[in-house]
Amino acid sequence: MQPQPGSRDAPGDKIKSLAELASMIPDGSSVALGGSFLHRGPFALVRELIRQGRRDLELIKQSPGYDIDILCRAGALRRTRAGIVAMEGNFGLARWYRKAVEEKEIELEEHACASLTAGLRAAAFGVPFQPCGGLHGSALPELNGWKWGEDPYGSGEKVCLIPPITPDFTVIHANAVSELGDVRVLGTFHWDRIMSRAARRVLVIAEKLLPIEEFRKQPELTLVPHFMVEAVSVVPGGAWPGSCWPLYEIDYPAVRAYVDERDRDLSRHLEAAVEREARADA
Amino acid sequence: MPETWSGFSYIVTNLARFIRPNEVTFSGVNSSMPMLACMLAKKSYDFYFTYINVAGGVDPKPTSVPLSSSDPVLAAGSTAIFANEDFYDLCTRGRMDLCFLGAAQIDGAGQTNVSAIGDWHNPKVRLPGGGGGAVMLPTARRSCTWRTEHSPRVLVDRLDFVTASGGMHGVVTPIAVFIKREGRLTLQSWHPEKSLDEVIARTGFAIDGTDASPTPGPTDEERAALQALDPDGEFERDADVSLG
Amino acid sequence: MQPQPGSRDAPGDKIKSLAELASMIPDGSSVALGGSFLHRGPFALVRELIRQGRRDLELIKQSPGYDIDILCRAGALRRTRAGIVAMEGNFGLARWYRKAVEEKEIELEEHACASLTAGLRAAAFGVPFQPCGGLHGSALPELNGWKWGEDPYGSGEKVCLIPPITPDFTVIHANAVSELGDVRVLGTFHWDRIMSRAARRVLVIAEKLLPIEEFRKQPELTLVPHFMVEAVSVVPGGAWPGSCWPLYEIDYPAVRAYVDERDRDLSRHLEAAVEREARADA
Amino acid sequence: MPETWSGFSYIVTNLARFIRPNEVTFSGVNSSMPMLACMLAKKSYDFYFTYINVAGGVDPKPTSVPLSSSDPVLAAGSTAIFANEDFYDLCTRGRMDLCFLGAAQIDGAGQTNVSAIGDWHNPKVRLPGGGGGAVMLPTARRSCTWRTEHSPRVLVDRLDFVTASGGMHGVVTPIAVFIKREGRLTLQSWHPEKSLDEVIARTGFAIDGTDASPTPGPTDEERAALQALDPDGEFERDADVSLG
């Protein structure tokens, strides 16, 4: 009754180690990361990219925090398209990100969260631009060279047109996956849904593997169907030091320790990460 | 003289007072004080309003008050998940009654800068960035912001960068409440332990205090609600608000 | 623990009888109807509108069938914006609809399903037009006066811009509602989601009332949150003679009987409808 | 001579043969024969493909074969619900490999009319309408259609109305399979119990039969699968297909 990967019932095996998953993302890729601030981000994958010495990445996310900060700290980033950047959870600004922008180590395309979503929608809908509400009076459109369109139906309204944003990869941290690659997320899915539709390729880190029968019982809970997902890795606790609802909360001492370290060296933090063991096993 | 109404309580309470019956009210990321304001209003005001938040919650029953204002516990007990695309669309189609939006600098027209201090291309301080404001401020029916500092470098005559412009309705600082009238932020009231002159002196844009008066102090219900939400004073300490 | 309607914990009572729900929709309203063909349509409400003698309605739906046919048969419709119209389920064309268009009793704005969705998106997103992929070479854009937009970012691509479609009402047939008006749908939600976001007002017919606690356990299953819903009516079997997954299938003999009656008279069919009793109770 | 390969079986089988390994294949409303083709392919072809349908199913395990090709039973056993907005977006962004789309009239360029017979504004017959085609035909990687009648009033030189235009890949009738090559529908093969001359005579647009040959008959697996899907011949009776 269970589909066998690689058979007529299912595509080939999608389950990879974390290291294998990270190795699919080459230097220079643009990567959209799911979650928001310290919540349900694919942080194990981000750390693995750093361990593997990845360079020149572009991060795309409406509200990055820990992920963008650690990538800046490791020198892995070349560019970002982001809405609002902070550590949040009373940790204030993302210090290494701030430094990277102020010292021009990375290029920033500053978005409103909704304009970034509009760009992802343009990609997901297969259209050359997406009108985005608001933005009137903001200096962001001019900064980014966004064009304004007239309403051809005569309302006199002007609307800002956002060009498509097509990440090379979207990486999501999920509560569960099926062996086929179906993705289940509990609580808010933030922008993960539209990110998964906009990207060329989708990779997933999950807390656990759930039997396919569980997905069949409640297919309504599947955020991304298996055929859109290229590979998955099961890394329990992989959103550490952030939260993954309802399984665990932010590890505040760990974030504090990350923030308080004053130099670029990440070895202590990477050493403390929950995916070490999974990595050793792989 | 010890302060009897702390700047922290002043901000949270006066943000809560912007909430109106039966309206849809939103609190976002990096927004502990609006989060507390919504929770205070739910506890102490005798009317219904819809509270939605960036964690996807719709009238949630959080089991605790999180340090992170985007914490998923803010969706606990919610009957629905109203995720980010959804609440932004709600706002752009004109159905969001009240948005709480952060700001680093605010000018006299109620425009905000959350992008950079100094030149955008050569920032002295790179700030968090566009976030909700650029789209929500012009499209929400009303928006309110707050600052924990009341000074001419925060309430400025001219923004370093105009991140967001439009429908600002109210601004709360530790010592004053502003309302936008005829396109300008107008002083509505000031902290009863401060003076009109001090507010004018500490504000970078010109203000008219003609119709302003001291802010009515917190009611017993408001005080009790905030006390219940922050029993150990952790939020108050983190916020580190001084009347200055 | 349960919110009391009309208290500080919840808005006023939203539970109405079917007759009350129908009476909220005045003559001349534009109404988007959920479901698709014979599946999970708010058919009890449609019949109640006919019983109440409603006139000059506009029906908005990507794939209407029984609903549009019976409204045409009763003379309740003035106009429709629709994608594909048929009875489906081996019953072929919708005969009374066909007659109404051929004899110019109603005005048709013919859409592709996706262009109708694009119009609903424009309304839901608060923008004056929505680019819609495809449509190249189709005669529909010219027929409807839809404008084409150039890509201002220089791809040379032209894209069709659909004006907003803002129904006065969207009516959904749901598997369950909460007392507050939260809406749960099982299986596919067709276009119900975007219809609920585009409309000025949302009304819901549901198979049953579920305790609020059930919604709290799985908020991810809620398609429309309560604050967007103005009123609900509980009508078990209300999607008859269509299906409501997983509760019941199409009542093929009943559809056959509806199709086979040759005159406009609907009394036998309305008499056979499942909501009669609920109506008598109300 | 009794027909050994019915028109119904010919259409379903040849539609199924368009399905390729690892591709995403879609069947929609009013589409019993493509639905059966997808199910036949799942049963009889030794490769994986993703089957999505208008009922939201993704590789479903339907417990029965429904008369309505949009019946929710087509999502039974699915691991996900991929609803209408989603599969349309998949198509417009170029990720839909194969769409089965209905048509009333088809011209030699593979354009289709599903709107009206006669003048659109004064129709002799009002047809179902735009549906999936106008958007999916130009944006799917490949689209295929079918007709249960092969005649000059169906395969026309000039459509009464161009509802959809673009990426037509294949057309199946009870007696022929067409493939689009260099912008024109080209005869690929004909029913082995018919002749090339008959196909040409019954087609309203000019066709080149140079490279065409008789269609290979159904394999044992294809026959067995269709027999299992329609054991009582109900679909075959409803479809009422004659070789003419």
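As written, the chains take the letters A, B, C and D, and residue 1 is the first residue of each chain.
Rule of thumb we're sticking to: a contact is a pair of C-beta atoms (placed from the backbone, for glycine too) under 8 Å apart; a residue touches a chain by one contact, two chains touch by 3 or more.
The shown structure was predicted, so the numbers you read here are calculated from the model rather than taken from an experiment.
Visitor: Count the C-beta contact pairs for C-D and for A-D, then tell me which is higher.
Guide: Greater number of contacting C-beta pairs: C-D.
Visitor: Measuring centre to centre with CA averages, how many angstrom lie between subunit C and subunit D?
Guide: Here the centre of subunit D sits 28 Å away from the centre of subunit C.
Visitor: Distance from the CA centroid of subunit B to that of subunit D, rounded to the nearest Å?
Guide: Distance between chain centres, rounded to whole Å: 58 Å.
Visitor: Using CA atom averages as chain centres, what separation in Å is found between subunit A and subunit D?
Guide: One centre to the other, that is 39 Å.
Visitor: Taking each chain's centre as the mean of its CA atoms, how far is subunit A from subunit C in angstrom?
Guide: Using C-alpha averages as centres, the distance is 36 Å.
Visitor: Enumerate the residues of subunit D that touch no fewer than two other chains.
Guide: Residue numbers touching two or more other chains: 56, 75, 81, 91-93, 139.
Visitor: By the touch rule stated above, which residues of subunit C touch at least two different other chains?
Guide: 125-127, 132-133, 187, 219-220
Visitor: When you draw the chains as points and link the ones that touch, which shape shows up: line, ring, star, complete, or other?
Guide: other
Visitor: Every pair of chains that touch: which are they?
Guide: Chain pairs that touch: A-B, A-C, A-D, B-C, C-D.
Visitor: So in the complex, the part of subunit D that touches subunit C is made up of which residues?
Guide: That would be residues 29-30, 32, 54-57, 66-73, 75, 81, 83-85, 88, 91-93, 111, 114-115, 120, 123-139, 161-166, 238 of subunit D.
Visitor: With touch defined as at the start, can you tell me which subunit B residues reach subunit C in the complex?
Guide: Checking each residue of subunit B against subunit C gives 22, 24, 42, 45-48, 50, 52, 56, 58-59, 61, 75, 77-82, 86, 89-94, 139.
Visitor: In their shared complex, at which residues does subunit C touch subunit D?
Guide: These residues of subunit C touch subunit D: 36-40, 62-63, 82-86, 88-90, 93, 97-98, 101-102, 108, 110-115, 117, 132-140, 143, 187-191, 193-194, 243, 245-246, 249-250, 252.
Visitor: Touching residues of subunit C toward subunit B in the complex: what are they?
Guide: Residues of subunit C touching subunit B: 3, 7-11, 123-127, 178, 180, 182, 197, 212, 215-216, 219-220, 222, 224-227.
Visitor: Provide the residue numbers of subunit C that touch subunit A in the complex, in ascending order.
Guide: On the subunit C side, the touching residues are 122, 125-133, 147, 149, 151-153, 155, 157, 159, 161, 163, 185-187, 218-221.
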